[in-house]
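Next come two complexes built around chain A: one with chain B, the other with chain C.
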Partner chain A sequence: MSEAMAHKRPALLNTFIYDFIVLWVILAAVPFLWTVWGSFKVEADFFSRESWWNAIFGTATMRETGAAFTGDGYYGAWITRDFWKAAFNTIIVTICVTTISLTLGTLGGYALARSGKNYAFWILIAALVFRAMPHITLVSGYLLPFFQLNIWGVLPTSIIVLVAINQPFTLWMLHSFFLSIPKDLDESAMVDGCTRFQAFRLVIMPVMWPGVVTTGLFSFLLGYNDFAVTAMLLSAENQTMVPKISSFLGSIQETGNVMFAVAAVVSATVPLFILVLFFQRQIVSGLTAGAVKG
Partner chain B sequence: MPNKTFFAFILPSLIAMVLFIALPIVSVVVQSLYVSHEQIMVEVENCQPFGGCSTELRVDTAATAALREEQPLGRFNGLGTYVNRAHLATTELGVILSSERSIGEKWAQILNLPFYKALIFTLVYCFVVTPLAMALGFTIALAVNALPKVTKGPIIFFSLLPMIITPLIGSLILYWMLSPNGILGATIQHIFNDPTLSLRASPALTWGALLTYGVWTNAPFSFVVFYAGLQTVPGDTLESAMIDGASRWERIRYVIIPHLAPLATFVALVQLMDNFRVFEPIVGFSAEANATSLSWLIYNDLTGDSQQFGSAGATSVLTILGVVILLSPVLVRTWREFKHKAV
Partner chain C sequence: MAQIRLKNVSKRWNKFVGVDNFNLDIADQEFLVLLGPSGCGKTTTMRMIAGLEEITEGEIWIGERMVNKLEPKDRDISMVFQSYGLYPNMTVYENIRFPLKVRRIPQDQHHERVMKAAAMVELEPFLERRPAALSGGQRQRVALARAIVREPNAFLMDEPLSNLDAKLRVSTRAQIKNLHHALKTTTIYVTHDQIEAMTLADRVVVMNKGLVQQVGTPMEIYDRPANTFVASFIGSPAMNLVSGSIENGVFTSDGIRIEGLPHRASGAVTLGFRAEDANLAEANGQIEAPIYTVELLGEATMLSMRVAGELVSIKVGKDYRAEIGDLARIAIPASACHIFDQSTGARIEA
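== the complex of A and B ==
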């Protein structure tokens, strides 16, 4: 409909639409491009007292390092301040959170979609309420018991907590996904003599991957983007990237440290860029699936 | 599905939720009723060779540590933590409200109470950011829908970035640009011709920056959902509206908006839930002097030199009550629909 109507649209309106879109894309993208560009400069350029043109031409960077670009921020963050360790921890946490949440979530979501009993409805409502809990309120409930049990500060604890926090959302997503798979499929398998679990494994599993991938993307994002849980539950040597960046900020007074944080921020943004680049369609369909069905 | 099979499938997920979501809520309630032990004082007699003897009170460090070790929860305090100055501040609030001051002064004094300061910012953030982000997202969706097909993909790619970005990282990126030596901060100083204007010095600027960040990061979600909704607007209805002589604006007002209304309810609900827990931007913008949120208060209690579990617990319980109040219209509606179905 839109393209057919484009001819009839008044020129003024068209100009307005194009200007608006250009403005929005600038608002959405420029902060990232600016920070990526600035991360290869020295602090005196990226935070220039004189003029922001310095950040573009790299005046102070030329003076201090002899070239217009410098990798000092990256070297400082990744090597001097052990950001590689945090990146490694993030990889472990996100992989574990995503696989465990999906395993538990597919089983649970499938059961909820096929049950039709009252208690399935109540579990979904409870999950909705749990989904709305601010994560930090739950964290304040974990800390004391975790200190007592002596399991505070290590990666497995954070992984399990993130999996649990992620369950309500995963259950809802996969529940509505499994509702869209016809009941007849697994029921005819059961008529042929399969048990419920065999029907799930042989008939449902081959067709569930689109829904699982979409849900997995959001589980990944939750584990990757989390600050409240990982900042409170991990000891300094086990930190993942996001709390590590916030700890860079604590010692910001020393010169050069700001650029460490800028470099670390850019490094942590790169995987998200790649994710959107490759999975744009799945992310969009995941966002709308909940809306259209819920 | 038989009950036994159902629970076999859902048990792992259920256990995780009960252990790590339901029990912590109980734990938070219990914690909020206790405060940490006071230091144990001992009377020590000091005798000098010529000055005679004097007694003084000293902290018995060893005994205090032992007691705290033995009962980590602290001592029972009932609802004491809830009504103290750091939380509901009932006494202080009573004094302020009954005083003979103007409304503006009373308001300023209420803003000095930490809990109300955080509550007010959290609510303002929720109820300003959500509608603005939805309006912006809707406008972007309408505009993108009018574009030729080839440009849509790249625009959606860039539009997703502010939403997908780690909240702490997104707010840091904007914070650095807005700092007095950053590109936007310097420009703002230049525009207002005020070299002292900065986020740290100006509460209004801090609030503005946080709300702008909120709209920036929330708008893409509304955009994507509304854009998908626009693809399902029935062409027949639009066409007949056009034949009846409806203008462009009237078609949006009377055909498209009613069609998207159910989606809008969903988007509003999700964004209210997410905005109510606003936390990372406060850390990223180092905004705590000018703006705090309920989640930040809890974080602050837990990270200080001495972790105040009682205080964090009380704020958490009050926050959870807030979430329940926020969700209650949805819960009531779902309950009615459910009962309706059952009958």
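== the complex of A and C ==
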């Protein structure tokens, strides 16, 4: 169908359309590709004041290391400055946030979707209000109690706060997925011999996978990309990747190493690409099946 | 196998009355049809029996147990839903097997029982397919097989044929009747289609606005409707209802006069008669009116004419031909007339 339509369009419009797409892809991809390329250079090249061609040819990199590419940035970030530890912390945080959010979200979303009560609606509205608040408003309120309870700076505290921030969204999204599954399915299962929970586990959840994968991905991204919560609530040795990258950039007190940050950024982005590519089918079917879109 | 008893069962949502004081004894092995227009409370009644809807008032007994507080799974009934309710992630075989699996029936019986149920509804060629790859009729048969595989106390069927096309509806209807004959399981069947009710039921319960209007065999309901609602709901076309007055056994109204009716009734009444009970009159008819339309049905011809402000239908022979506007004389035997109170709509017995 699309081919037939393409033939009918005037050639000029076609050229324009394809040019636009190519331009758009370049605009979207070049900054990232540029960073990946640059992460294998030294700072004098990547941030060269003489000419940006230096970043392409690696003039200073050749001079300093003897080769056009260098892994110094990666070595410095991962080994010298313990970026592996931050990566490990990120894994813990994201896995915990995703698992807890999905467990509470599927149970709660299912209950709210199947409840005929009025208060189910108000719970969802309340959830929406909390979702709309900027994260930082919550975090600043948490700081003092967390200091006093002596739970500041550790991973579990951040995980709980991230779950709290993420939960309303998870609830909404899964709620609308559950609404799209006909009630007859649960009722069939219950008449066939299931308890309410068995109906949920054996009949509804197997149908829900696209929704769970999509919501899970968004939860994962929230935990993975969060800066506000992890930067404020984690001590320096417990930092996750994103605040760690920010600390590589340095502050007023200490000088950073920009190339460590660049290498760390690339390291942090690659897993996301792999993840999205791996789950793209479920995500697309999830996005089109549910009413709520991320 | 069990009898089902409903005692003073009511369902209310705040002030809205879904089912009002429903009383019924359903015999073991009976095929009972709940019939009524949408919103009459028939599905609610069935869902209360299944345990999918809470009972506001009254008691429901299945066999020797009061089931008010029992979960659906503990009531030992199976249900066929209008939208089939098949599990989309399982094959037909797994769908049918599911009730056996969750009820922990010994594994070694599963295959035999699934195959037997599948054979009864002729599903053997499709066992490895998923519901998405089946037609509507096949899906409905999977739902039936899943209901019979467990050999429950009772079957509940909620408008199982209404999503099928007309032709398939007739054959599936026959299949359901045959299944009931073979299995002899108490069956409660909800429908708004009076033909399904007439063909399938041992007894029919006609409901309207949450209230039971009449309980009886299909013939009783057809021949002796308890009120004007039942009269106008059962039969195709519906019973003709004409309002007028009756005095000394003579009913008169604009364009109609019938003598020889029972003397018990007097004053303003509604007179009912069925299209097929009326005939062309040789000389003096009970109705003399111009023809409004002539419809050829093939096996008969349907005349309609305006009597006392209402259009009435008369079924005449298939060879009858007349033009719109011609005067027709119609004979209505007094014995075929039904008389209803005009204010309450209730039947006045002869």
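Annotations for the structure displayed:
Following the convention adopted for this analysis, the second predicted complex is superposed on the first by the 270 of 294 C-alpha atoms of A that agree within 3 Å, B and C clash if a C-alpha of one lies under 4 Å from a C-alpha of the other, contacts with A are read in each partner's own complex, and residues count from 1 in each chain.
Basically, contacts are C-beta pairs under 8 Å (C-beta built on N, C-alpha and C of every residue); 3 or more make two chains touch, one makes a residue touch a chain.
Note that this is a predicted model, so its numbers are computed, not measured.
Once chain A of one complex is fitted onto chain A of the other, the partner contacts of A:Val203 are limited to chain C, with no touch recorded for chain B.
Once the two structures are superposed, chain B and chain C can be ranked by residues of chain A touched, with B on top.
In the superposition on chain A, A:Val276 makes contact with chain B only, while chain C stays out of contact range.
Applying the stated contact rule after C-alpha superposition, one finds that A:Trp37 touches neither chain B nor chain C.
The residues of chain C lying in touch with chain A in their complex are 50-52, 71-73, 77-79, 81-89, 98-99, 102-103, 146, 150, 156. Touching chain B in their complex are the following residues of chain A: 1-3, 5-6, 9, 13, 17, 20-21, 24-25, 27-29, 31-32, 34-35, 38, 46-49, 51-52, 55, 103-105, 107-108, 110-112, 114-118, 120-121, 123, 125-145, 147-148, 160-161, 163-165, 167-168, 171, 196-197, 200, 221, 224-225, 227-228, 231-232, 242, 245-246, 249, 258, 261-262, 265, 268-269, 272-273, 275-277, 280, 283-284, 287-288, 290-292, 294. Here chain A touches chain C in the complex through residues 182, 184-185, 187-195, 198, 202-203, 206-207, going by the rule given at the top. Put simply, chain B touches chain A in their complex at residues 1, 3, 5-6, 8-10, 12-14, 16-17, 19-28, 31, 72-73, 139-140, 143-149, 153, 155-162, 164-169, 172-174, 176-177, 179, 181-183, 186-187, 216, 220-221, 224-225, 228-229, 235, 238, 248, 263, 266-267, 270, 273, 276-277, 279-280, 283, 286, 294-295, 298-299, 301-303, 307, 309, 312-313, 315-316, 319-320, 323-324, 326-327, 330-331, 334, 338, 342.
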